[in-house]
Amino acid sequence: MKPIIVINFKTCKQGKDVIKLAEKIEKINKNIIIGVQASDIYEVTKKTELRVYAQHIDYSKQGRATGFILAEAIKKDKAEGSFLNHSEHKLKFPILKKTVKRCKQVKLKTMVFASSLKEAKKIEKLKPDYLIIEPPELVAGQISVSKAKPDLIKRISRELKSKFLVGAGIHTKEDIKKALELGSSGVAISSAITKAKNPSKKLRELLS
Amino acid sequence: MKPIIVINFKTCKQGKDVIKLAEKIEKINKNIIIGVQASDIYEVTKKTELRVYAQHIDYSKQGRATGFILAEAIKKDKAEGSFLNHSEHKLKFPILKKTVKRCKQVKLKTMVFASSLKEAKKIEKLKPDYLIIEPPELVAGQISVSKAKPDLIKRISRELKSKFLVGAGIHTKEDIKKALELGSSGVAISSAITKAKNPSKKLRELLS
Amino acid sequence: MKPIIVINFKTCKQGKDVIKLAEKIEKINKNIIIGVQASDIYEVTKKTELRVYAQHIDYSKQGRATGFILAEAIKKDKAEGSFLNHSEHKLKFPILKKTVKRCKQVKLKTMVFASSLKEAKKIEKLKPDYLIIEPPELVAGQISVSKAKPDLIKRISRELKSKFLVGAGIHTKEDIKKALELGSSGVAISSAITKAKNPSKKLRELLS
Amino acid sequence: MKPIIVINFKTCKQGKDVIKLAEKIEKINKNIIIGVQASDIYEVTKKTELRVYAQHIDYSKQGRATGFILAEAIKKDKAEGSFLNHSEHKLKFPILKKTVKRCKQVKLKTMVFASSLKEAKKIEKLKPDYLIIEPPELVAGQISVSKAKPDLIKRISRELKSKFLVGAGIHTKEDIKKALELGSSGVAISSAITKAKNPSKKLRELLS
């Protein structure tokens, strides 16, 4: 089975630069999932065939919710789903629970982040479509998962019933290879691509 | 001087229904300001000449802010500015202050809501481009400002140095007329238009 | 049946001034419920027989929740219960739901505030011990409930299944009398007492 | 100079168990700083001479702030200061800034937590009285700072102008010794003491 590759754009790029990067990614692999600001979903789904996720949505219902982003809104913009609970946007658990439920109601997929195995086990019960483990010590770091935490990944693999992805610290082809060997179904990448001088080249390397 | 008319779409409509309503409004008056979900800004600015505002943005800077909506992002989508501190999305004052500052840095206009004269006076010091007073007792109600609170509007007009708009409870031509007579520079409308069976007809009536 | 009287101390007084006011209230009527900062509960329950409520608690469980106030903590300090969702400290509904549940687990009573009849109906389903309606237009105002909103109180009384209290705008004996006549089981008072020059005298007047 | 020892009680203990643990600590060393729930400050300062910190306070001012804990309130309860921005209670930066300022106004000391060197440098500009670095990978873990991150501590020591403490992962005498050697002025401990079967014995060991 092919690994799932997620690229989190964070808020590194705006407007046309988002589209440009998405188009580069699409040329290399159409099955990659990208996470963008809610304001960019419509443009990206219109111009590429990538699988597009919002980086966050609110659980509010239609009507009186000025300033929130609704599940229905990004569904109409053809997002496949939404990230939730990213380490830069943690949600209190009752809010996360409600939001996962809302996504299911409108048939949006959910990709929920967890910072630890303990948190992942709790989130697993909500039955998100994807679960991404991002050990905080690896976020935005240069230490690779494969070198830093092989035992952690193995243990996650053993203790979780669901499939999971590994985020944080993925910078090389070896990191991906190791993450998959240790039991993950894929990886979430961010700065390795979004901050690369030549993102196409870097992505090709990573996937080679 | 012509009154400023703001229509808050709240989250009543999604996707193409947002565009349809925006196009109807544009046909009647291109100077109307509309407030939409961040995910709809690009589409609306592309298809209409209306002045478009986000309903909220975050003060985060580019980079590590997964799940937030940046000032730069909506600027690139050609928003004129952003609502802030709407009664359905109140901000703690230090956050509001920071966000108004961020908007100024990227040359986005700010339209800040206040629930009371006291709050409006505090917000006035941040020098937002627009200040909208929404007395909570009128929000989503059927009681018109003109009948319910003429003295409040007069007092606001006397005590604020800035121009201000009146929100909440605007449902008739008389409400608008009265709000302007009492000293406001315009009005913010929502359900009167977004929930109207025939929004075009209703808007024409209001502006006649 | 005797009316329920709640006095919200807000954060008007600190330390010994809290105790002094509580002792004055106790001399007049031991059945009055007072709401104080979490830091004051222990002192007040030790020095008076009043029924003491926290003004807010968090739903966190024992262990890793630095900076939060636990249900268990105020229970040990002999609070009878906690206010929740006061207009100055609104909670998102999933958080409110979780917190009411936590209070029930440790046998703390809950007194939940609502800003409107619509919100009150939603909260009613959580089965709080007390429900207080505070129409926002009356909060901290000088307009009495009896004069301003007799129809609203009557309607609340008709449409809610639970007993309810009325908050906001209670400043006179007539306000209380009217609130009870219209169907409420009691009232929540704040500035009328906490800002009175002679709180004992004012409270005696209100209860006479 | 003697090292600064901070013991964060988190929310592990309630009511009298808080006092018991505080009294045990006091017998061993009166200069230890402890961080407790706001509801426990009064009792602990009354019964021990320990230096007591709230685990969090709000920046609200006296008056209309139902449900918040004021700087004035814990000052009256004889707290020396407050923790702020603990990893279990992160604050957005503008809120942290405002709260540090409020503490200074009422002469409360501030002990601000940072998760990374980058964050610590930003917080340093607010001039808190104490700065505690808690690398997230060590929080509640069994890996000691001395073994896991000697280079990180050294680098913090070199790059920060202020004195700092090291939190997270302090479980042995060697951890403390190493943390001090590497340049810190003290340590913050939590589970090593709060979850010890014999806290007195464990604390004596740590300080020996």
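Read from first to last, the chains carry the letters A, B, C and D; within each, the first residue is number 1.
By our rule, contacts are C-beta pairs under 8 Å (C-beta built on N, C-alpha and C of every residue); 3 or more make two chains touch, one makes a residue touch a chain.
Note that the structure is a prediction, hence the values are computed from the model and not measured.
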Interchain contact steps from chain C to chain D (minimum; 1 if touching): 1
Chain whose Cα centroid lies at the greatest distance from that of chain D: B
Centre-of-Cα separation between chain D and chain B, whole angstrom: 44
Intercentroid distance (Cα basis), chain C paired with chain B, Å: 34
Touching two or more other chains - residue numbers and ranges from chain B: none
Chain D-facing residues of chain C, complex: 8, 10-12, 14-16, 35, 37-43, 54-56, 60-70, 72-77, 83, 86-89, 140
Contact set on chain C toward chain A in their complex: 59, 92-95, 97-98
